[in-house]
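Chain IDs A, B, C, D, E, F and G follow the sequence of writing; residue 1 opens each chain.
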């Protein structure tokens, strides 16, 4: 096992740990923005994941996935954040 | 959405997303991408636009109804398939034209397959925008 | 690996069926998203899994050099994802419209087309 | 040599992402969590992309890696802005900040924030 | 109904045309008499559905010809009569059309030599009679009667159809003339009993035999011409015709004999009693029709030449007098506005021609010499005495029925004309217009003429008809006014004695019978109970199944999935495979965990945002599976779609209410079912992946993608070239989803207040 | 040759696109009408070709089977396309008088033609995944058409219709994945060859049952039919007519196709189950109808009931049984679509289809009465109308197969069908218009009347023709049954001589 | 930013995507970018004649990267060490930068440099509120941003003002 392979495997492990921690935050909340942050972080994690995958399999194509996600992923965050905010401004109190 | 930051960002991101979407569309035959993915990304651009600046602006900059884009896209995809009839082939048989073909290089390919993919792109773009705009206007 | 995914799919199906059986149609929608994923994964898994070798033909080659992943299920899944999105989008809008016009998300109370005996004039 | 550099970049990048994850989990409020995720995460991602670029060495890969990082730099802060703005507006009180006198929506119930 | 419209003016061409047409048909059939009397059976065959062995085959033998002549002859008179009876009626054209169609269907029925063709005509008579009986459709009663007739005869017909199919299969042909020679084989066939019961169900319901007799009197709701036609000569006799037609093929067995004899006897006696009980003339006649049908059925149970001759004779006799009497009653009704025995009286002076016709027909019905009815009755007794093995039963029934018939004849023909009126009649009667008199007079006179000159009938109709049943013209018994002093003569005398007694005490008998009738359950209320039960069952089933509650629909659907697949797995011994984890990729394990965690969280959370985020996590996990296992295109698509799903849901949720808490919503049975479905899916998938996959499709794609389709991304080449049609359909789905959703959001809620359009 | 197959599929799409682009003008509806006229022509040409050749197949994209997608038409496929075109044309005519401008502007004609495209595709495709795609095209168009108008009943019915059908869709998709995983192919002819080679035949049966359930939902069989009576009475009349005629039949078609071509290895089990399903479907459907008092609800339950007959034909799996199923399929589409169209005219004339609120049509609209009686009595199985032959063949097949009980059930259900049809007749036509409800016998005005009655009369004529001259149709159905039971010809046409 | 410049930039970007700067690709990119920008006209306020300030851009980039790394470590330290070192505060920073691009750049850079996070810009574009993690002295943080990040951005994007 080369150094690179080990680094890649370690990278996967680290990224996964990050995702797992994010998941815990997602479950625990407590506020809506907390959950959104957790989801947002996962986007970044997948981008990294794609990079690692590209190195591991020697296939550039995985970077295309990262490229697309890097550009588009935040839209979900924007939509959710807007939801959190608008829901309140529309006066739907106590209604998530 | 009255966020100055989002609107400022959208100004650049929307353009970027559109250009990127067309790039994804055109390279799709050889690398990851294609009409679906391109259309999805392109739609994201306008969706962002609609979220940031409202659907009214987004519709105005789109100029045509998104439904029409989708319908025309479907028509284009169909015509790409029907074109095979002119060459005596079966429906959806790809017709290829290689510009600047040389002995070693195939040249720049133009094909009904690409036209088909452009139709797919328009359909996905138009349809998603139809949906999102209509929903946005409900709230 | 396929076996593992088979179990994951089973869990996905379990969760989605449970959601789809709920009284609240919004939960049905959530279940729909999940079960679509399950169906797509089913096709993908049934086409067998290949690690890190996308079905691409390198520049200059006539065919993939090494063994690449099964392309057909990928194309099918891609199609199914997009179709699933279309269906989902409509279902969501329907649920939305159902709430604005029937005033409820609870299917037990959706009795306009098939009124209760007591509802009848 | 290049492999070692790439390996290092990947490792550090991965570690940063984990730090971002830890930050998200253990930092006291949503704003500070965002500090962790938005930038440490982005930086980590950037390093991983750099690692990939170094590993492949091909111009297209380098270009793609740069683009990915650029895209993240462009979008991540906007996302963070949207979240924090929402958090502020629904009355999430920043940890360690005395906001009693300038909170625009101090009368908001807990449920609003949790979004149940 | 036509009470205030009757005149000789009629209905123009619409009124006259069917009369002329019927007369022409009658004349045409008359032309067959010499040939048929000579033993010939002219016929036509038209291949209809040769691939199913069905032809429109017609055959004119004695039985068919007798019926055809009765149908077209009486039909002519009825049309003549109806044109006046319903003169100027706004729906006369429809009426005439239905009635004429009915007549044609009846003719087809009796001439058909193919079981299926016969059935077709049979059902045509059902439909047309439904429309005719329902002529008074604006009353609840009219509609009820029409439905009852349709339903009861329809029930029989369907049974009969099954019987015909079995009979056809047993004989290898639907042609009746080819079936009859195989009588021996058919009677011995294992399906014989089924065939017999099914066919008899058709015949007995149509001819309103006990216990299906209840629909016939109700069917009197129809206008008089219809009653006269349907219930004297035609439709109800279709059942009798069928039994006669199949007599050569099916008779002679114990089942046949006892079923027909007993049911016929019961019907005959019961109907006679019920006839005596009526105060409405038309109802009384309706029941006497039943009596006749019972008698005819009873004779068809037999095999003797006497019985067959009696059958043929009584068939003709009854048609003549019954049609005449129905028409007479119609005249009375038309002129006086009532049919009540208690009210009517003294009409002989005001309506002398009607009175004469009534007298002649009633005399025939009572079996007085020298009318044809007398000959008929003598033959009935002769046949009864010859009956084996039930001579006493048949004779007793015949005696009782005939005596009652005498009484009824008196009620119908003497009371209204010669007695003093019992009340004020709604209208001032005078003689009916001539077209309405023509029918009864001609029929009554014919009855008299045939009585005096029975030979007119013997050679032309009776011999060929009875000959068909016996199988030999020469064995047919002779029709004689005076057959010497014998047992039938004594029985006749006894009949008269009893009959006159009954008429003498008609009022008291009626009262007694009415009391008895009220005390005995009849089938008519059972009909209502049946309908009520049907509706109740239907409502119960609908309540139980189509509950209107989506949750139950969904539960049943998934339960069906689970039970079916699980049971199939066990019953069909599906080879199961144990999961093989040896090749599990660590990355994959982590992803699988992520997917399951996301899904599980989505399933149990009560927070919408958590649910959405959890779905997102699960979706991301799926996307990562696609990445790890070499599907970048799919992964991108999955991620884009996940993003759009979040966007759309986030918009929609803005106006939707929050979820109820999960604990509140916990549903153990649903959970159990969900686990079951999930487990089944896993088990199947494990079995599927346990054996290697045949990859030749993808091998082909890999080999041809670049050389032939000029693309390096094989997935994309599949999408836009190899399987472009899929992709085209798929984008169509996307367009339609968008258009449909748009339409749904923008559609105007015009009828929000109106629940169902 | 492949264009014989491709044209009926491509035409409705073209029509839909053009009709959509011109949806805001009258041109849209004329485009739809014209397009459907062309479709009728194309379907006719296809039929002629199929009659000449037996089975024809075309490889889309020029990729030979089983690699590309094959369109294929045997007798069954061709006749389904023709009958689809007939129904579509009739409904398009009817829509000229029935559909208001608001619906047109929202794309009614586009959705309608896309529905037809999906139906046609489903009948023509020889590829299982492609079948899924056409199912989806059909399904999503039907969603749109169902809720167009947006009344509360439509939304409510729509929720049930959509959710339950989505479940079926997912099952179908999963089934395809699993079957592919077992055989490595999607081409139905190829599947016919590969499925018997699978070692684990027990699991094949399990997957067959999965398909049976998926298609069973579409076909609305017991106990999966809930969505149909919940929704079919709610949309515009031309919509429910085309739904009633075509949609469930696609499910039946798919069942017939899969359970004669692919899943024939365990007929002792699968077809026995179909037999039970058929019986329960017939009975529950007809009893459901007996409980209803609204014309479209009655008719909807009868769809269920009559699907049972078709399933029965398939379940018997004898030549005569399949003949009956095919004949029934064709007959029922024409008749049931027509009855719903008539329901629309009744609604126009009286303002309701609730039997308690209407009446007097026999006097007011005698022509409509005749036009109603023809399909109604045909549905009830009275000779000499098409329904008689359909029922006759099915019952004969059941009796031939010694299925005494099921034959009895089929006959009894026929009787109860008579009950329902006469209920409509007695209440809507014979009964006087009830007091208390506005006597809305406002005769339908001339122009819509023509558009609405013409297709009704046309379909009624067709019913009569099939009834009076059944021989060619029976012969056709026999050939069709032969092709289905001995699929060698089908397989050769698709895969060539050396598969 | 000049429309033409954006146009050219997009065209180059386009060519870069393909890794091919041939005339055909570049030309098609130009046309495409033109179309896209035409499409997005409602977004762009109007033409702003401007010549690239390459120098300030490079300076901005370098300073930003330095900030990013240095203060990342600061945040990282707080995360990985037990307890919380942070002294957070919400600070209102008056904004001088005017253009969309400038505001976006300032806010994004502030967010990306650890320790500060842009929360929102007021409707009138005059104030930026930020969340600072280590704000013992809010005024100092504000001053750092004014003289640091914002100044560099104004230099690069809007041109140095007196």
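Note that in this section contacts are C-beta pairs under 8 Å (C-beta built on N, C-alpha and C of every residue); 3 or more make two chains touch, one makes a residue touch a chain.
Computed from a predicted model, the values in this text were never measured in an experiment.
J.: Kindly list the shared contact partners of chain C and chain E, in label order.
T.: Touching chain C as well as chain E, we find A, B, F.
J.: Fewest touch steps from chain A to chain F?
T.: 2
J.: Return the chain pair with more inter-chain C-beta contacts, choosing between B-C and E-F.
T.: E-F
J.: Among the chains, which one keeps its Cα centre farthest from the Cα centre of chain C?
T.: E
J.: With centres defined by CA atoms only, which chain is the most remote from chain B?
T.: When every chain centre is compared against chain B, the largest gap points to E.
J.: Take the average of all CA coordinates in chain B, do the same for chain E, and state the distance between these two points in whole angstrom.
T.: 61
J.: With chain centres taken as the means of their Cα atoms, state the distance from chain C to chain D in Å.
T.: So the centroids are 30 Å from each other.
J.: On a C-alpha centroid basis, what's the spacing between chain C and chain F, in Å?
T.: 27
J.: If you average the Cα atoms of chain E and of chain G to get two centres, how far apart are those centres in Å?
T.: 85
J.: Mark out which residues of chain A touch at least two other chains, giving numbers and ranges.
T.: 12, 19, 29, 32, 35-36, 38, 53, 57, 59, 61-62, 64-65, 67-68, 71-73, 75, 78-79, 82, 84, 86-87, 90, 94, 96
J.: Where does chain E touch two or more other chains at once, residue-wise?
T.: 546, 548, 550, 554, 558, 607-609, 612, 628, 630, 632-633, 636-637, 640-641, 643-644, 647-648, 651-652, 654-655, 657-658, 681, 685, 688-689, 693, 695, 697, 701, 712-713, 719, 721-728, 730-742, 744-746, 749, 752, 755-756
J.: Multi-chain contacts in chain C: which residues touch at least two other chains?
T.: 20, 25, 28, 38, 42, 44-48, 51-54, 56, 72, 76, 78-79, 82-83, 86-87, 89-90, 93-97, 100-101, 107, 110-114 - these are the residues of chain C that touch more than one other chain.
J.: Going by the contact rule set out above, which residues of chain A touch chain B in the complex?
T.: Listed in rising order, the residues of chain A that touch chain B are 61, 64-65, 67-68, 71-72, 75, 78-79, 82, 86, 90.
J.: Mind listing the chain C positions that touch chain F in their complex?
T.: Touch residues, chain C against chain F: 20, 25, 28, 32, 35-36, 38-39, 42-48, 72-73, 76, 79-80, 83, 86-87, 90-91, 94-95, 97-98, 101-102, 107, 110-114.
J.: Can you tell me which positions in chain B touch chain F when the two form their complex?
T.: Its residues touching chain F are 67-68, 71-72, 74-75, 78, 81-82, 84-85, 89-94.
J.: Across the complex, what residues on chain A touch chain C?
T.: 53, 56-59, 61-62
J.: Can you tell me which positions in chain E touch chain F when the two form their complex?
T.: 47-52, 91, 94, 116, 119-120, 123-124, 126-127, 130, 134, 137-138, 142-143, 146-147, 150-151, 154-155, 158-159, 161-162, 165-166, 169, 194, 534-535, 537-539, 541-542, 545-546, 548, 550, 553-554, 556-558, 560-561, 564-565, 568-569, 571-575, 681, 684-685, 687-691, 693-697, 700-701, 721-726, 728-730, 732-733, 735-737, 739-744, 746-752, 754-757
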